[in-house]
Structures are given as structure tokens and as C-alpha cells.
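What follows is a set of structures for review.
After this come two complexes, each holding chain A, first together with chain B and then together with chain C.
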Partner chain A sequence: MQFNSFIFFIFFIIVLVSYYNISSNKRNIVLLISNYIFYSYFDYRFSILLLSLTTITYFLGNFISKNNTYELKRKFLITGVFINILILGIFKYLNFFSESFVSLVNLFGFYLDPVTISTIQPLGISFYIFQSLTWLFDNYYEKIDKEYNIIEFLTFSSFFPTVIAGPIERAHRLMPQIKNDRDFNKENIKAGFYLIVYGLFRKVLIGDTIGRMINHIFAEPEYFTSFEILAAILLYAIQIYNDFAGYSSIARGAAKMLGFDIMLNFKQPYFADSVTDFWRRWHISFSTWLRDYIFYPLQLKFRYYGRWGNLLAIILTFLLCGIWHGASWNFVLWGLLHGIYLSIPVLTGQGSSFINNKINNSSTLRILSIIKTFILVLIAWILFRIENWSTLMTLVNQLVLFSSGEFVARFIKIILSYYFVSFLLDYLEIKFQTDNILLKLTPAVAFGISLIVSIIVLSYLITSDKAPFIYARF
Partner chain B sequence: MPDFNNKIRPILIFFLTVVFSVIFFEIYFRLTEIILPSFVYDDPELGRTHKAGSLVNLVGAEGFYMGKINSYGYPAKEYKPQKSDNIFRIALIGDSYVEGFQLFERHHFARLLEKEFNKDSTKIIEILNFGTGGADFRGMYLRHIKIAKKFNPDLTLYFIKKEDLINKDAIPMPEPVLKADSIVFMPLKADKFDSKIRQSFAFVREYSTGNLFKEVFETIYTGRLPEVIFDKFYPDKILSSKNNLDSDSELEDKFYSFNEKIIETLSKLNQTGSKIILVEVEELPEKYINLIKAYNLETIPLYKELKKHSKYELNYWKASGKIGHWNHKAHILISKFLLKYLINYRQD
Partner chain C sequence: MISDRLKKTILNELKLENFEFDENTTADQVPGWDSLSHLNVILAVEKEFNIRFKPYELLKLKNIGELQNLIDDKLK
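Up next, the complex of A and B:
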């Protein structure tokens, strides 16, 4: 079930009531059952895969922690990672690699039929596999200092607020919270409710409303002018941010109401003054995952190659980042482009750009850097959004026509309004130094705002088709 | 004073916040065009009709339409009622297919046709779109007589589907009655509205937020709320069992005599100088074909051209993945098809 559906709201209320009305030692059982009900709502067969894979991962993680020999630990880690990646590969990447390989072979005049399997990609498979892998890594790096039973691990790996689209939690962070008692706490309920309301506003009233307009432009760009396509690209940057940040807020809010603290996933990414800074603020749970479990080990491996070793580590990490998002060449290129963006400062040295040398005023420099970063990210979003090469070609062909159309003023008004609201929320997050801005307002104001936002969001959900979360398909 | 600070002040602040939040959403919806004030209203003489000067932004269900109702109350390109001799004017009458609120007006067959028509023409060709969503045959006739006629069209095209011959009652409209062998429309009265509430709360549609709440009310009123809330758990059968309308053929018989009168009146109008053609969007029942022939009304069998293509080709909307109204390809096809038929009239 989706967070922006009535069935989820009903489900969540039932879970909350039963969760807090049962003795604390049975809460994990209630939570585990809720996790699987939530996940099975999409397709019960996905749950069988989730249960089997995470059970195997649990035992492998236990073997790692209980073995004292480095070699054995390493073997269990490799086995665990291999099994998880194999499953991910079969369900998500087999068709892509098979078809790409056959296309390449066919280029040389041979004819081969691709080996493909007809299967639906299990929802959130990239998220729960990456979350489960942290159990293996954290045991391997001895970040886990307690023993955990299988119920606790299965609750962690299928945790419903995060199972579909993250944030990708770490075993050493979330498992202790699962082990500890969580009693009913009014403050947690309030904070969680405000985060859910805030997330729904971002997701439903910014992300979804943009999406339903620009989806038509991206689907058939040949019917739209250059300006309208540019407007769609500009709006997409706001859509994907608010869709995903909204989801993360709802996830954090739901977890908070259950007594858990889930890591922050976004920190005003469009205020980043470099692409490196952008990745410190965008999808933080994933970027730090890549940093800790991929980039650092690679950097260590390539340490003897100096600057070029760093460069290789960055490119490889971002190629993985790209392909993690989807089995498609556009995601590979998107990741590669970000890898290139991040490699440039490594090659040229930090702070030596033309702009940095010419402008002394730090505020102006920062604003220009923010704009430059935003443009770079925006260009990369085009690759992220397109569904195939012909769409990209049509987009480019239409863009170079420099046609404006009859609705320039209306599109400008729409773009500015969405940007204003999205940036205003980010500004408030900076000002209050939290993403739970409602919590910082006086109770009467916070309650008034959340009441109206809830009514408007529910009304909108009643009258429109529910849009899926963009990141849920990864 | 302590009482004010402790009890009344928070309540006041709460109410002020609620008011400001509603104002914020009203402005936000209008600026982002998520929901605009309604572009239709219920006119006592015309029934559900477009509101002059209102902005329209319709996205989601099928395609994406952005446009405006012009100051004369019909969508898009504005032409004054008066016209000079070197203008050849065509009026389009139909339902939501002709209204075309699924794509930008520049892709509507009316504009494509107009563009092609005006190439190497000595006369200026103007095409006015009087299509209205939900209109049936009597609704089309009403718009023709009460609005389109004022614009002095040289040619009027009625786009008719089989279902238009059954009075759909999809939108509020004046009740037609036969009086002294002619059709008279009785103005809408409060008690004739599908709901008195609709009239009492007509003002809410003037606001974006009001329009949203109106949609919610309609969802509840028409019994669709449980379906929205319970999603997979909602049994489909409940909705279909509510539909206790007569079968199509029974309705056809019921309204045949009335439609016959409209066709007869159109035939008379046809002889007064303004040409009327019925465009068959779908193949009409044989008795109607005979009737149209008997009254010497010309028809254009558009359905024959449409039948050459699949529904997927002409009615599929890529972004929403839905089969619905005519898509871009269909509009191009229709404009080319109509051009072949109508080019002779321009030369006349």
C-alpha cells in the first residue's frame, strides 16, 4: 500500500492502536506482522522472497559476528553479498544485461536471442537488499555489539516505513532501537504526525500535482514547444525532490509514531554549492551507504594510484549509484555524469575555478555556486527522466527549435510558484534547523496548519488518481 | 487578562491560522493551476455552459489541456459574432470529443483544419468550437440555436455518436418540450436542478478550494467514496448494480420522436442558407440514417475513417495509459479527412 492512500491511513491507525495496546515484549511481533501485511498488499509473492532472502542474510550475519577468524568472516560476508546481489540481479538486471549484451554482439554481425525472464520487479527490492546488506557489513566491521534474534532482524529488514523507498537504515542504528522498549509517548505521536502532514504536502500537493502535468510533456514531447519542454524539465527537478523528500518525511513520521528515529534523507539539496555538497544533502541514507560500503573500500584499494585512484573510485561508485536506480542505460549515464561532475574538482583542485578567482564577495559567490550546481543537477535529471533514447532525441530536437508557444506567461507563473513554495519550505528547514518545522511553531499555529493541510490533502486524494512514489520503482 | 492569554488567545491564533492557511491554498492553487475556479456554470437558458473569460487547465485523466474560455463563452480562439463577406465560417457542435479538453488547442482538429483551409484561399476561413462536454443531441441543438447561430456560420457541423441520441442527462440543461409542433426549452428552475444544493452552493465553484470541496462532495454524493477509500477491498459490483437505466435500445425508442423533431428543424434551417451537416462519429442506427435521408440532410461518415485505425492508435493517452477521447493522432486524421469533404464548400 502506498503512503498516499486511504488504505494506508486505516492500516496505520490499526497498527498504532494494537502496537501500543500490547505488552512491550510483543511489540516487535505486532510490527513484524504489520510489515508483512503492508508489503503483501502489493503482491503476496514478493513477501515470500523478502522473507527467504532476509532469513538467509540473518544467519550469514550471525555467522560473521560469531566467527573470530578473519578469513571465515570474509567468506561469509562475500557469500551474503553474493546471494543478495544475485537475487537483485535476477529480478532487476538480468533482462537489461542480457539484452545489452545481445545488442552489442549483434553489432558485430552475429545474431543472438537475449535470455530474458518474464517477471515483475519486487517492490523496493533495491532498498531492502541494501538495508539488509548493512547487517552483513556492520557485523563484519564489528559495529554491532549485541545479539539480535531473528524476529528483531526480520522486523528491521521489512520495516514498513522504509521497506519500499527508504531511507536505507543501518543495522547498527536501527537494530538497537528495535531491541529496546518503546513506550507510548505523546511527543513522538505529535512529532510523527507533523512529519507525516509535512511529507504529504510535499508529496501530494507539490510532487504529484507537478507530475500529472509534466508527465504528458515527457510522454509526447513532439507536441510541445521548446519553452514548454524547458518548463517540464525545470518542474521535474522540483517534482522528484518533493516526491522523494515527502516520502522520506512520511516514513520518518510513521517510524517516529512507532517510537523509532530514522535518519534524515534530505537536507535542502538545491541549496548545495557544489555537486559534492549536493550528494551530502540528497538521498543521504543512500549516498552515505555508497560512501561507507563502496567508495571508502574502493579508495583504500586504489590508494597507491593517488589522484587517479580517487577518480576511479568516484566513477565506479557513481556508475553503481546510477544502475542501482534502474536497469536502464539512462540511469548508468546519469550516474556517470554525476561521477564526472565529482571528478572534475579532484582533477583540477578545489577552489581554482574561474568564478572563484574573479568574485571576492562570499555571498555572491555562494549564490552563483548554488545556481551552477543546480544547473548541473538539472541537466543530469533529463537523463534520469527520459524513458528511452528516442524520447531524448525528440526532447533535444524540440528544444533546439526555440519555439515558445502561447502559454509562456502561464508556465512562468506556474514554475515560479512551485519553486517559491519548495524553496520556502527549505528555507524554513534551515531557519528552524529541522525538517519538522511544524514542531517549532506555537501549538495553535501548528495545529491550525496541519488541520487545513490534512483536509486539503485528503480532499485532493479523494478527487484525483493516486500517483505512485517515483523512487518506489527502484 | 491572564484568561485571555491562556484560553482565548490560542483559540484566536488557531482560527487566524486556519483562515490564512485557506487563503494560502487558494492563492497556491490558482498560481500553480492545480485547481482553478470552475470554467462552467449552470445558466437557466443554456444549462451547463462555459464561463466567459475563465482559465482552464485540465490534466490527469487522459491528456493535458491548457487554455481559456474566450469572452464570448466558447473555448479558445475568439471570433466576434459579426463577420464580413470574405469570411467563411464553420461552427462545430458536439460533445467532449469536439470540445477537445485533452490537448492544446493548437493540436485540435478545428485549428489544424482551419490552417489547412486557409492555405491558398481567397476567403478567410474561421472555425468556431461550440463543443460541450456531456452534451447530447438535444444539448447540441440547444447550443446551436442559442449560441452558435448568433455567429452566423456558413456551415454547421454536428458531431454525433450513437449515445448522443439517447438523452444522457449528464449535465444540467433546460428541459425541451414540444409546443405547437416546435421545440421549446424550459428554463432551468431550482427544483429542476439535479440538486438544490448545487444551486445554493454555486458560489463555491468561484474559488479553487471551493471547487476542490465541490468535487469531494460530488464523490460522496454519487457514492464513490467507499471505492476511493477501500481500494482493493471494494467490490466492483456495487457500482454497476446501481445502474438501473433502461437498455440503450429502449432509450433510443423513447427519444426517437424527439430527435426526429430536431432533425426536421435542422432540415428547415438547412434550407435558409446556413448549411448543416451531420458528422457520423459512429455508425448511426439504420432508422436514423433513413430519417436523415428523408429530411435531405447531408452526412459525413467519419466513422469509416476512424474504423481503419485501432482504438489504441486513436484513443490511447501515453502519459496516463488510458483509452479515452481522441488523441493527437486522431485529431490530425480527422482534420485531414474533413478537409477532403469540406474543401468544396469553401470554393462555393
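Up next, the complex of A and C:
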């Protein structure tokens, strides 16, 4: 079930009532059952995979923590990572690698049939595998200082607010919260409810309404003018941000109502003044995951190669970042492009860019840096959005025609309106130093806004098709 | 207790005038100590104390106090 569906709200109310009406030592059991009901709603067979894989991962993590010798710890870690990546590879990447390999071989005049399997990708597999892997890594790096039973671990690895699309939590952060008692707290319910309303606003009223306008432009770009395609690209940047940030707010809100603090996933990413800064603000749970478990180990391994070692670690990390999003070459190239963006300051030395040397005024410099970063990120979003190479070629061909069409004024109004609302929300998050901005308003105003947003969101959910969360397919 | 030698090495590498460290200070609390400059700090510390760390030893560290302990152990 999706967060933006009626069935989820009914499910969530039942979970909350049963969760808080049972003794605190049984709450993890209620939560674990709820997790599996939520996940089985998509397809019960995927639950069997989730349960088996995470059970194996639990025991391997325990072996790592209970062994004192470095070599044995390392062997158990490698085994655990291998099993998890193998499962991910089979369900998500086998067809992609097989078809890519066969295409390469066929280029040299041989003929092979690709080995493919006919299966649908289990929902959220990239998210829950990466979350479960933190149990192995955190045990290996001795970041877990308590013993956890299997119920606690299975609750962690299938935690329903985050299992489909994150935020990807860490074992050393979330497991202690699962172990501790969580009593009913009115403040948590209020804070969580406001986060859910805020997330639905971003998702349903910003992300989905943009999607309805631009999806057909990306589907058949040959019928649209250069200006309309540019408008679709500009609006896509706002759509993907609000779709995913909205999802993350709903996930954090649902977890908060259950008594958990889930990490912040977005911090006004389009206010970033460099691509490095963008990755400190965009999908933070994933970018810090890559930093801690992939980039740092690679960087330290290659450290005696100087800046080239750093460069190699960046490129490899971002190739992984790209392919994690989907088994497709456009995601690989999107990751590679970000890797190249991040490599430039390493090669040239930070702060020595042309803009930095020419502009002395710090506010002007910051605004120009934000615009420059946004343009770089926007170019990369084109690779992220396209479904095949012919779409990319058509987009580029249409763009270079410099045609404007008759809807220019209307599109400018639409772009400005959406940018204004999205940036206003970001500005308020900065001003109130939290993403839970409704909590900072007077109770009557916050309640009034929540009521209005809820009515509008509900009417949207009744009258139109529910658009799936973009990141839920990864 | 963080030694003046370690403190000076880190401050020099990050081009900081002054910053008060204690055992519990973490890298993300120190201005300029980000994922890219992290490598240079580690290389500077290795050079200053003439020691070599294993990646596993470094990745286990939770704060600067543990880095100091690791250096002290290597110098014993």
C-alpha cells in the first residue's frame, strides 16, 4: 500500500490504536506484524524473501560482533555483503548485465542470447538491503554496543515507514530506539501528524500536479516546442524534489507517531552552493550511507595515490550511486556525471573557480554559486528522467530548434508559481530551523492549514489517479 | 586528552587559526573537516607521527579522542 492511499490511512490508524493499547514490552511484536502486513499487501512472496534474507543477515551480524579476531569478522562481513548483493543482483540487475554483455559481444560479430529471468523487482529491495547491510557494517566497525534479539532486528529491517523508499536508517541509530520503551506521547502524535500533512502537500499538491503536466511532454517530446521541453525539465527538478522530500516527511511523520526519530533526508538541496554541498542536502540518508560504507573505505585504501586516489574513490562511489537507482545506463551516466562534477574541485583545488576569483561580494557569489549548482544538477536530471536514448535524442533535437510556441506566457506563470511555492517552503524550513514548519506556527493556524491541506489532498485522492512515489520503484 | 601535536597537525591541515578540541569532538564538528579533506588530515597525521593506519582502524573511530588513543598505541 502506498502512503498516498486510503488503505494506508486505515491501516495506520489500526496500527496506532493497537500499538499504544498493548503493554510496552509487546509493542515490537505489534510493529513487526504491522511491518509484514504492510509489505505483504504488495505481494506476499516478497515478504518471504525479506524475512529469509534479513534472518540470515541477523545471524551473520551476530557472528561478526561475537568474534574477536579481525580475520573472522572480515569473513562474516564479506559473506553477508555477498549474499545481500547477490540477491539484489538477481532481482534487480541480472537482466541488465546479461543484456548489456550480450550487446557488447554481438558488437564483435558473435551471436548470443541473453540469460534473463522473468520476475518483477521486489518493492523497496534496494532500500531494505542497504538498511540491513548497516547491521553488518556497524557490527564490523564496533558501532553497536548492545545485544539485540531477532525480533528487534526483523522489526528494524522491515520497519514499514521506511521499508519502501527510506530514509535508509543505520542499525546503530534505529536499533537502540527499537529496544527502548516507547510510551504514548501527545507531542509525538502532533509532530508526526504535521509532518505527514506537510509531506502530502509536497507530494500530492506539488509533485503530482507537476507530473500530470510534464509526463506527456517527456513521453512524446517530438510534439512539443523547445520552450515547452525546457519548461518540463525545469519543472521536473521541482517534481522529483517534492515527490521524494514529501515521501520522506510522511515516513518520518509516521515513525514519529510510533515514537521513533528517523533521520532527516533533505535539507533544502536547491540552496546548495556546490555539487558537494548538494549531496550534503539531497537524499542525505543515502549519500551519508555511501560516504561512510563505500567512499571512506575506498578513499583510505587509495590514499597513497594522492588526489588521483580521491578521484577514483569519488568516481567508483558515484557509479554505484547511479546504478543503485536502477538497472539502466541512464542512471549509470547520471551517477558518473555527478562523480565528474565532484572530481573537479579535487583536481583544481577548492575555491579556485572562475566565479570565485572574479566576484568579491559574498552574497552575490553565493547566489551565483547556487544558480551554477542548480544548472549542473538540472542537466544531470535530464539523464535521470529519460526512459531511453531515443527520448534523449528527441529532447536535444527539439531543444536546439529554439521554438517557443503559443503557451510561453502560461508556462512561465506555471514555472514561477511552482518554484515560488517550493522555495518558500525551503525558506521557511531554514527560518524555523526544522522541516516540521507547522509545529512552529501557532496551534490554531497550524490546525487550520492542516485541515485545509487534508481536505484538498483527500479530494485529489478521490478524484484523480494516485501517482506512485518516484523513488518507490528503486 | 588531545595532545598539542595532534591538535596542531589537524589545525594546520585544515588551515584553521584555532579550534577547541576535546576527546568527544567528531570530524563533522570541526570547520572544513569534510569527506574530501578527511584524507589530507589522515595523511598529515601519519606523516607527523611517522605511523601507518589500517583503513579498518580508522573506520572504527568515533571521535578525536579515539584517534589520539590509536596514535598513542602505535607509538608504544
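Following the convention adopted for this analysis, the second predicted complex is superposed on the first by the 474 of 474 C-alpha atoms of A that agree within 3 Å, B and C clash if a C-alpha of one lies under 4 Å from a C-alpha of the other, contacts with A are read in each partner's own complex, and residues count from 1 in each chain.
Assume contacts are C-beta pairs under 8 Å (C-beta built on N, C-alpha and C of every residue); 3 or more make two chains touch, one makes a residue touch a chain.
As the structure is a computational prediction, the values presented were derived from the model and not from experiment.
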{"item": "Combined model on chain A: chain C and chain B, fit or clash", "value": "fit"}
{"item": "Touching partner for A:R291 - first (chain B), second (chain C), both, neither", "value": "second"}
{"item": "Which of chain B and chain C A:T442 touches, first, second, both or neither", "value": "first"}
{"item": "Partner chain(s) touched by A:A219 [first = chain B, second = chain C, both, neither]", "value": "first"}
{"item": "Of chain C and chain B, partner touching more chain A residues", "value": "B"}
{"item": "Which superposed partner A:Y460 touches (first chain B, second chain C, both, neither)", "value": "first"}
{"item": "Chain B versus chain C as contact partner of A:R303, first or second or both or neither", "value": "second"}
{"item": "Which superposed partner A:F407 touches (first chain B, second chain C, both, neither)", "value": "first"}
{"item": "Touching partner for A:L451 - first (chain B), second (chain C), both, neither", "value": "first"}
{"item": "Where the C-alpha centre of chain A sits as vertex, the angle toward chain B and chain C in the overlay (nearest 10 degrees)", "value": "160"}
{"item": "Shortest span in Å between Cα atoms of chain B and of chain C, once chain A is used as the common reference", "value": "40"}
{"item": "Common interface residues of chain A - those touching chain B in one complex and chain C in the other", "value": "none"}
{"item": "In the complex with chain A, residue positions of chain C that touch it", "value": "34-36, 38-39, 42-43, 53, 55-56, 58-60, 62"}
{"item": "Chain B to chain A touching residues, read off their complex", "value": "10-11, 13-18, 21-22, 25, 28, 31-34, 55, 59-61, 63-64, 66, 103-104, 106-107, 209, 212-213, 215-216, 219, 225, 228-233, 318-320, 328"}
{"item": "Contacting residues of chain A [partner chain C, same complex]", "value": "70, 141-143, 276, 291, 295-297, 299-301, 303, 309-310, 345-346, 350"}
{"item": "Touching residues on chain A, where the partner in the complex is chain B", "value": "1, 5-7, 10, 41, 205, 209, 212-213, 215-220, 223, 405-407, 410, 413-414, 416-418, 421, 442-445, 447-449, 451-453, 456, 459-465"}
